[in-house]
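You will see two complexes here that share chain A, one where it goes with chain B and one where it goes with chain C.
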Partner chain A sequence: MADVIYPRLIGARLRSQMSYRASFALDLVTQVLAQWIELVVILVLFGHVSALGGFTRDEVLLMYAFAGIAFGIADLFAGQLDNLPTYIRTGTFDVLLMRPLGTLPQIMVSDVRLRRVGRIVGAIAVMVYALTHVGVAWTPAKVALTIVTPLAGAVIFGAIWVVTCSVCFWIVEGREFANAFTYGSNTFTSYPVNVYSAPLRWVMAFIVPGAFVAYYPSLALLGKQDPLGLPGWVGWASPLVAALAAAVAGFAWRFAVRHYRGTGS
Partner chain B sequence: MIEVRELRREFKVATSKGLRRNYKTVTAVDGVTFDVAAGEAVGYVGPNGAGKSTTIKMLTGILVPTSGHITVGGVDPSKQRRDLAKRIGVVFGQRSQLWWDLPLQDSFDLLKSIYRVSAEDYRKRLEECVELLGLREFLSTPVRQLSLGQRMRGEITAALLHAPELLVLDEPTIGLDLESKERLREFLADINTRRGTTLLLTTHDLDDIERLCPRLMVIDHGRVLADGPLEELRAEVTPDRELVIDLREPGPAPDVPGVTAVRSEANGLRHHLTFRRAETTAAQLITQVVRQVEVHDLAVVEPEIDDVIRKLYQRQLDQDVRR
Partner chain C sequence: MLAGMTANVVFGLLRAAVLVAALKAANGEIAEYGIAATNTYVWIGQGLLGFILLWGTNELAERVRSGDVVVDLYRPWHLQSALLAQDLGRGGYAFLSRLAPPVVFGMLLFPFQLPASLMQWPLFLVSAVIALVICFACRFLIDLSAFWLLDNRGLFGFWNVASGLLCGLTVPIAFFPEWARDALWMTPFPALMQAPIDVFLGHGDPVRTLLYQVFWAVALLVAGHLVLQRAVRRVVVQGG
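The block that comes next holds the complex of A and B.
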């Protein structure tokens, strides 16, 4: 039964958006453009250099595509956590607490924006282009890796979103802080991590497990050595990292909601 | 249905002084104890900031008490929030649980899934509400286009689809016009008596209480000042009643034993006679009055419920001063 509820809630949300057709179409176009602009940045960069951190243009495009798909999927479900401060201020969060469902899934399905699909489609196109140009030695395992990577990445991004947005229960206007990690890690993961300076790399790659979204799986797929010296199996560890991140996020959310019900600010 | 013992709730409030931030503890609910039996209808009143909403949030499991003990329908709200949610309905006058951009009907359909109501129960309950609250003409209108009165009727229907044992209403009639208010009251009284749904409502509109709630609880500064039938509170706090007489010809007020004060209006055409309900009855008084003067019309006026509550506050203040 419970599995029926959430698809229905998502369906309801989509119907709501269709009731504002003009703005829906405009949003969709905006999203596709936004995705292209990031692409243009990479292409311009490679107009001046032939390699970035030892990676060719098409290899970087692959990372960019993995990160783009993962971020797109995460944004589709976790993006509405950006509304959390509003929910808390207006008391909508109390309405969620009055229902016999968990608060996090309710928020996740509360504002699924179909226009964000534009991003995902754009990134998939780039992935197809990149995969046909980088010369992967395909094995069944690598095919599986290609499919699982964006999904695991989406879970990792989603977890980052949940953890950082939980801060809003303490600081209602904590959104800027959260955005630095969510949108920031999208940009971070689109490039090889070895191009960043060591402190940023450590924080964004391992504490926030951004390097597992695109960088390490891409290495495994390309059959390349990690310039930073981590063993090859790390490239296959993303699903595990995703599961761990999801567990941490679930814990953080519960802790935050308990705090909210304890203070009711 | 509801059991509350020594309920306390404190909040930390930030008070900024220059750059330093200090925290001050404010007690919103301060040792509240009461019981509500199944099928009762209880009015919970008090001025803004008295602790009404905080109590309601604790009863519905949104807030966790600082100390004290609550059971609602045999369940601890703070620990079994989701179990409780299936058994109670909550209506907040100031916030909506409907889907803003969707037709009203769609919100009901979604709630049916959320609360896992069977198709048959759903159809029966919805049909009943649609009939009694007159929702039919705007079932397919998006919620954002509904008038406040229409939306409120939708909210109450939404809270009743899972047939809750307890319906909690926070300011259900706020901002409604007289006709909508009356319609809501009639409906709520009906589900209380016919279906046996327990009602707990906070309100600023004392007509709500007069029409709906045989029992009144008055709260201020987080403490219950009075709890009992409206009639009893009225008799206890305001022992005076008033007999208003309109004379045929202007003249002096009749001199009747038992009257404690007289106020005259309209050049002696109308007189307000105050008397103590414990000492004399309206009937005795009227018999005496008509013997002395020729009466055109008369009415017995009960003290306004506002007066009752004002006097309760006053009494509490006096007690505090004496302490």
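The block that comes next holds the complex of A and C.
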């Protein structure tokens, strides 16, 4: 049953958003700009320096682009979790539990905002620029890595969203706490992780596996040594990390939902 | 509130790290910003963000759309002044709950550049309050656009996306290339964030900075007043 319902739900959402063309176009442009804010920051900084953490401008742009595409895809499906506090506070989460479908997929398709595609488009444009300007010794494996990296990154971001939003079952107004890690990870992963201080790096790169979104795959693609000393194969491990993160997120969500108590009627 | 503070601190740490990495690559200083000045810039910015309420709500615009604004308009008050008074009151509380914590956090844990002269403290306070007034005036104008647009969420979203970069929250205005710097200082955006930070750090002439802020505060409040007068003429109240 679910295989028919979800595409239909998404289709209905998309049609409703396309009905206000002008408003949708403006929203889309705003999302492209939102993605390019960090691009401006990178360009401004590289107006004063020639390398950041030992990486050139175009190399940093590559990481920024990987992170941007991954975040955009995750935002498209998991961004709706930001509304979770409202569901919990008002008790409408009960409705989701009543239906014979999973709670998490229901929230994910509840409000797929097509305008968020703007972020992805903005990031893909930068990726095309970066890939044509950094020296990559292309092999079939590296082509595959370039395609798989944003997808694995999206799963990692999605998992971060699910785990941190699960906190809202305990702290109802936990949205901003979750945002520190979801939106924060977007900023974090846009730069080489060796620019951050050790404590921040441990939390955001390895406990929250942000380093595997863009940093390590980019190193593998560029054929560069990790200044932090991890071996080269780590750059190819992102899909594995993504699978692991998704599993953790699944457990966290189930554990959290079990903790939920309805508000009564 | 603790959740909000976590987000505020995490974003501060991220921005400080990237900026300091850039400074190190540039031999320790970019455009008058050394390590201590940069950390100070980041933590004051993180504090001001909640104090001036850069990313506020779209509440008034929603009330325009729903028609509830009629209730606000027929009260015996000047709507703009009343809302400004409300926002100043909010600022009083936000000073303790939003501005002070990140600044104290930065002061205790990072190299911090305290003002060289005692006079800079009261000047910073004045500058921050004017920034709050300007921010209110900007948000008020965006809200009023709903009288014409009905759905102003596009404009509101655009403000939320662009204001951080334009006002100097994301990266100091001094880091921009000269043409962009000059263009930005012609707009009210730096008055929201960069101006109070400049006063605190002792960058530039504080009197000139304050005069620039006062000019925009007056100009935007007057604009808000005039726009409101015109907007009211568009309101049609269905009897009842």
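Here, the second predicted complex is superposed on the first by the 253 of 265 C-alpha atoms of A that agree within 3 Å, B and C clash if a C-alpha of one lies under 4 Å from a C-alpha of the other, contacts with A are read in each partner's own complex, and residues count from 1 in each chain.
The rule is simple: a residue touches a chain if its C-beta (ideal position, glycine included) is under 8 Å from a C-beta of that chain, and two chains touch if they have at least 3 such contacts.
This is a predicted model, so every value here is computed, not measured.
Once the two complexes are overlaid on the shared chain, A:L101 sits against chain B while remaining clear of chain C. Look at A:Y196: by the touch rule set out above, it reaches chain C but stays clear of chain B. Contact with neither chain B nor chain C is seen for A:V143 once the two complexes are overlaid on the shared chain.
Of the two partners, chain B and chain C, it is C that touches more residues of chain A. Applying the stated contact rule after C-alpha superposition, one finds that A:T92 touches chain B and leaves chain C untouched.
In the superposed model, A:I5 lies in contact with chain B only, and not with chain C. Once the two complexes are laid over each other on the shared chain, residue contacts for A:R15 go to chain B alone; chain C is not touched. Against chain B, in their complex, chain A makes its touches with residues 1, 4-5, 8-9, 12, 15-17, 19-20, 90-92, 94-95, 97-102, 258, 261-265.
On chain B, the positions that touch chain A within their shared complex are 11-12, 54, 57, 60-64, 78, 81-83, 85-86, 90, 92, 94-97, 99-102, 106, 109-110, 113-116, 142. Residues 2-4, 6-7, 9-11, 13-15, 17-19, 21-22, 25-26, 30-31, 151, 153-154, 157-158, 161-162, 164-165, 170-171, 175-177 of chain C are the ones touching chain A in the complex. Residue ranges on chain A touching chain C, taken from their complex, read 23, 26-27, 30, 33-34, 37, 40-41, 44-45, 47-53, 171, 173-177, 179-181, 184, 187-188, 191, 195-197, 200, 204.
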